[in-house]
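These notes open a run of structures that come right after.
Note that chain A is present in both complexes that follow, paired respectively with chain B and with chain C.
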Partner chain A sequence: MYAVLALIVRRLLLSGVILVLVSGTVFIGTEILPGDALDATIPADELMYYSDDDLARMRAELGLDKSAAERFVNVFRGLVTFDFGVTLMTQESVIDSIIHPLLNSLIMASVAIVLTPLVSVVLGVWAALKPGGRIDGAVSGATLFAYSMPDFVVGNVFVIVFAIWLGLAPAVLMITESAPWYQILAVSVLPVLALTVSGVAYQFRLLRAGMVEALGSEFIERARLSGVPEWRLVITHALPAALVPMLNGTAQFVAGIISGVVVIEAVFKFPGIGIELIRSISQREVPTVQAITFLAAFAVIASNLLADISILALDPRVRRARNDR
Partner chain B sequence: MTVESFAPMPLAAPAAPIARNRPLRRVLASPLTMIGLVLVAFHLSLALFAPLIAPYSISAILTDGLTPPSAQHWLGTDQIGRDYLSRLMSGGRVALLVALAGVSGSVLIGTFLGLLAGYVGGWLDDAIMRLTDALMAIPELLLIAILVLTFGKEIGSLSLIVAIVYTPGVVRVVRAKTIMIASLDFVRAAELRGERLGFVLMREIAPNLLGLLAVEFAIRVSSAILKISALSFLGLGISQPTPDWGLMVQEAMSVVFTDPWFLILPAITLSSLIIGINFAVDGLARAYGVTGTETDL
Partner chain C sequence: MSAHVKINGLTITYRDDAGEETAAVRDATIELARGETLGIVGESGSGKSTLARSLLAHTRAGARFATGSVHLGDTDVLALEGRDLRRFRGGRAAMVPQNPMSSLTPHMTIGAQLEELVRLQTDLTGRAVHAHALSLMERTGLPDPELLARRYPHEISGGQRQRAVIAAALIGKPELIVLDEPTTALDKTVEARVLQLVADVQKDLGATLVYVSHDLNVIRALCSRIVVMKDGVIIEQGDAERIFNAPGNAYTRSLIHAIPRIDVEGPLPPAAASPIQLEVRNLGFSYHRPSGFPFRKAPATRPTLDDISLSLRKGETLGLVGESGSGKSTVASLIAGAVSGHEGRIILDGEVVSGAARKRSRDMRRRIQMVFQDPLSALNPAHTVEEILVRPLRLHFGLSPAAAREKAATALQEMELGPEFLSRRPRQLSGGQQQRVGFARALAAEPDLLICDEVTSALDVTIQANMLSLFLKVQRERAMTCIFISHDLAVIARVSHRIAVLEKGQLREIGNRDSVLHTPSNAYTRRLLAAAGTHLRGGEDETASLRIPQSLSA
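Here is the complex of A and B:
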């Protein structure tokens, strides 16, 4: 028990270190090169109306006149304490301006994050009952196909099929940012389906590989020889071990869902954080971009930590292993 | 350093061709792999020769706005009146070029860093791996988008961005394989002979990574094409007047009710390129027994 706790604490510290490095990366990615928010927001033909003094004063107000090192310390301190500051142009709190879109996206993404592993496990078990069989071949081929489809193509195909041909759903969502959660949930059906397609494809492939390996291992052979029926062998004996590779891929899965959310929101005009990110990037609203990117990385790191802990619970071999990966 | 070079010559000569042909025969027998290879070949030649075989110039304005397919314009013309077939044929060129150039860079840098981290170990390994973890914690599309904010969206900048974004994944895979190979006897033998670090890395370990690197390269090229197209689709990447499938899908969304084909065609060409690469890699990797890639695709 003590060893497990030490492992968890170690992972926790490591996650902290990575988060610090992420904030450094975000800063370098958004602020280090010339060309600032002021250049981007003032159109070239209006620039002649501003005197150099005006520009300098505005830069000072926005904190753009400080050295890169000074700004880094400020940004860094803000990010790691979850204080994202104020927006450059309107001077309102960044967190207030993104909280509604953020919650909307969280509702949509969390449904997808719960649904995807469930579908993957059902498909994975189904395919693993007869490895190399017809069902296995069909599901494996279909998921490789789905894995290769761009998110925005899947989203648009859903729009064409469900909204235009079948008329089952509106093609463009008419919903405000601050709509109540049940309305957001109601319009999330097609976006969530589109998100799940590539997520399932990714997780199924990891799960199937884990299943094939687990079913070929000695502890399964022993259980099979002692007369355990095949379906119980697959579900209660092989599945827990086979979940490990899938859980190891959690960081990539969650990162994929977040990238997918941005694209899918653009397809369906869903009032979420992805639309907000695209808007703030095209307006060079750097504090908002930093906040959204940092929160995305935080979600990836936190879910990866949870997955690591679940692996400790699922696989006794990892608990006993001296070196952690 | 392969086993064959130690085998007695008279035996090796007749045995080698059969052993070497077996994976190739398996590739030819698998329909999915063949579909993949044909699609890749088709797209590569299309990207190379599109300007020569396209009926019109990609930027010539030939009609007043959108027109349906006709004898002059087989797929009609787009909203501005440019020949759609010609633009469709060239729509993958920039994304493919950026992906190939960028991923080549990331495979080179990633292999170098991965070899060092895996073989030298210690603090160097820790430093490289924590940086890798940090870069990989930011979702690829978001990382690409914020880097576009700083570097710009010209072909050179986009290639550089792809190189930065895909390096960490290559480092991880190469490092894992390097640690495995470094424990094998022939590497120990080289160390005991007193070979220098560069020799051990480049002549003993690196040749054994070639299969893995080929698979990594292909998987990441397909992923980079997806990401660059998604970026154009979001309006943050390749911009007008350059034809690009992601951008064409976005432009067609406004006319999807009346002319869905304008959306479906670039969606099909883009998807078929990605499907082609993934099917081909899947089959080739399985036939040649390459394992240890990130996704084991």
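Here is the complex of A and C:
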């Protein structure tokens, strides 16, 4: 137990360091974008009505005249305390402006994140029961194909097939950001499916490889020769061993889903955080960009931590390895 | 009386990489009466394990039963299917596989794995399941079953794991027990105790026993009948004592002759009054366990090595013997510089050697060479033998490519390999050939001290015998100073002038070969000797089915 605690504490410390580095990277990223918020928001034909003094005054109001280092310290102090400040142009709280899209995306992504490993496990176990068999061949082939397809292709194919040909869903979602959660959930079906496709493909391959290895191992052979029925061999002896590599893949998938969300939301016009991110980047809405990327990094780190803890729960060797020598 | 186990004209084939069907076992016929003990011996690739697995109607992936039949009593074993097959396996016939570490499910506790089988093979339910599992653990001599049942396989020792596997095999009260090299991965003293357990259990159940091993000593101790296999064919079978005393086949003779024996002659003594070459003074070493928190060093654990002092004269071989965890390989790693951070001093020809190999002069690195247990992982698989040998030659002696190549061929010649091997890669060589290349590489550097760490442990007995003869020849011709490390006292007895016994990081005994072997002064040495000699004496008590000294069965 002590070892597990120590491991978690160490991971948390490491996560803190990573978050500092991420906020630094985000700041540099927004800093090197050409122009600043003022240039980006004032159209060129309006710009001639402002004198240089006016612009300088407006910059000062927005805090854009301070040195980069000074601004970074301010931004950093805000980010680590989850105080994301106010938007540059409308002066409303950043959190208020992104909370609805954020929740919408969270709903969609969580469904995809829960669904993907479940589908992968079912397919992986099914295929591994007879490696090289017909089911294995079909599923392996289909997932290899799906894995090689970029998210935007999958998304567009779904729009064409389900929305345009079959007419089962609207091609472009007409729903407001602040719609209640069940409505969001209802329109999430296609985006979730699109997100799940590549995730399942990748995790299925990891799980199948793990299952095939486990089913060929000596402990399975011994259990089989002791009269353990096949389904028990698969579920209680082989599956937990095969889940470990897949969970590492799941953590990666969660990281990938955040970039996937941006693409898929753009394809379906889903009112989520991805659309919000694209909008705020094009408007040089720096505090919003910083808030979203910081939260994204936070989600990735949290999901990795969660995957590591699940692995600890599944594999006693990792759990007590530190007590060995 | 009809036979209890009957294998009739059995051929097992498998598809090789080229898609050709090859026979792993060809036309095997064996009959055993109930309660008989059969040993199947053979070297790696002889098909002995494949034949043993057929008794439970099992083949590994890619193999199949081509012709023939297997019967246990009236049951046609190969015709069993589904539920009947599952009841048969673990019920009437049980298997104890080779490697106890990898044959227990790593994420299930010992108790859970036993209870699963108790539920499957008996009618017990509820609390009785747990109680029965515990009683079996007690039966197989596992200490504190209640505690051990909650442990995971990696948390108990190798001997305990094998006892747990044997406990699992007993659940269905089998009438046939098949053991596939069950003690190969265990230390000798542990092996003796596990063998005793197997013999007891067999007698209790009155079961027929089939024991597969490459180790003739073990077979002789345990079995009344023997089958000798080579390349998938049974080349000789019959009464054990008859085969040992008068083998009818040349191959069987060579197998028996190759058994390392503790009562062999040792090497010829080195030249008298040669100077001291290596001195180790008060060598100590501890591994630091990671503390779990950054920037904090955990307190040192029990030292891996504690105050070891020894010295070697030029041309002398010191045999370092001990069981796993004794620290013998750590001694090798420290002297070779593979591990740094020791206490005490290592002195070669009067010069203090620094710890890490990186800090040593190039010449010092040349002067101490090491040969490893697993040649395949010690030789770069991407390089040809020529590249493997030429590189150290050019590094140490600055030879031109042509001269280095010539010298590489000479080095191979010394290990009795022809120049045609220069262009091969490690994977294209047999285990014995790989180890010869390992030796050639070490010897090409013309070392003052050669460290051999379990160099024959992975080899078959006949190949091991050749390797040891070759080692003795080269050692003598070069008057080389060697440290020869092995867990096998018989191997140590063959090559050593002096012997050092290590246990738990401490030097229990060091002395001349003959005095250590014949008049050991230490209790642990005596136990090692008893375990190694287990199968050699015997014969005094014909009623005992097993010739294992009582002192070991505790």
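Simple rule for what comes next: the second predicted complex is superposed on the first by the 315 of 325 C-alpha atoms of A that agree within 3 Å, B and C clash if a C-alpha of one lies under 4 Å from a C-alpha of the other, contacts with A are read in each partner's own complex, and residues count from 1 in each chain.
Simple rule for what comes next: a contact is a pair of C-beta atoms (placed from the backbone, for glycine too) under 8 Å apart; a residue touches a chain by one contact, two chains touch by 3 or more.
What you see is a predicted model, and the numbers here were worked out from it, not measured in a lab.
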One more residue to check, A:9. First (chain B), second (chain C), both or neither? second
Have a look at where A:164 lands relative to chain B and chain C in the superposition and call it first, second, both or neither. first
Of the partners chain B and chain C, which touch A:281 in the superposed model: first, second, both, neither? first
Please work out whether A:309 is in contact with chain B alone, chain C alone, both, or neither, and reply first, second, both or neither. neither
Considering only the touch criterion stated at the top, classify A:26 as touching first (chain B), second (chain C), both, or neither. first
Which one hits more chain A residues, chain B or chain C? B
Contacts for A:226 in the overlay, against chain B (first) and chain C (second): which applies, first, second, both or neither? second
Give one of first, second, both or neither to describe whether A:17 is in contact with chain B, with chain C, with both, or with none. first
Given the touch rule stated above, what does A:107 touch, chain B (first), chain C (second), both, or neither? neither
Which positions of chain A sit in both the chain B and the chain C interface? none
Quick check on the complex: what are the chain B residues that touch chain A? 32, 130-131, 133-143, 145-151, 222, 226-227, 229-230, 233-236, 246, 249-250, 253, 256-257, 260, 263-264, 267, 270-271, 274-275, 277-279, 282, 294-297
Residue numbers on chain A that touch chain B, as the complex places them: 14, 17-19, 21-22, 24-26, 29-33, 141, 144-145, 147-153, 156-157, 159-160, 164, 171, 202, 205-206, 209, 249, 251-252, 255-256, 258-259, 262-263, 266-267, 277-278, 281-282, 284, 286, 289, 292-293, 296-297, 300-301, 304
Given the complex, residues on chain C that touch chain A span 53, 56, 58, 60-61, 86-91, 94-95, 97-99, 102-108, 113, 116-117, 120-121, 152, 154-155, 165, 168-169, 171-172, 287, 289-294, 301
Looking at the complex, which residues from chain A come into contact with chain C? 2-3, 6-7, 9-10, 13, 216-229, 232, 236-237, 240-241, 314-317, 320, 322, 324-325
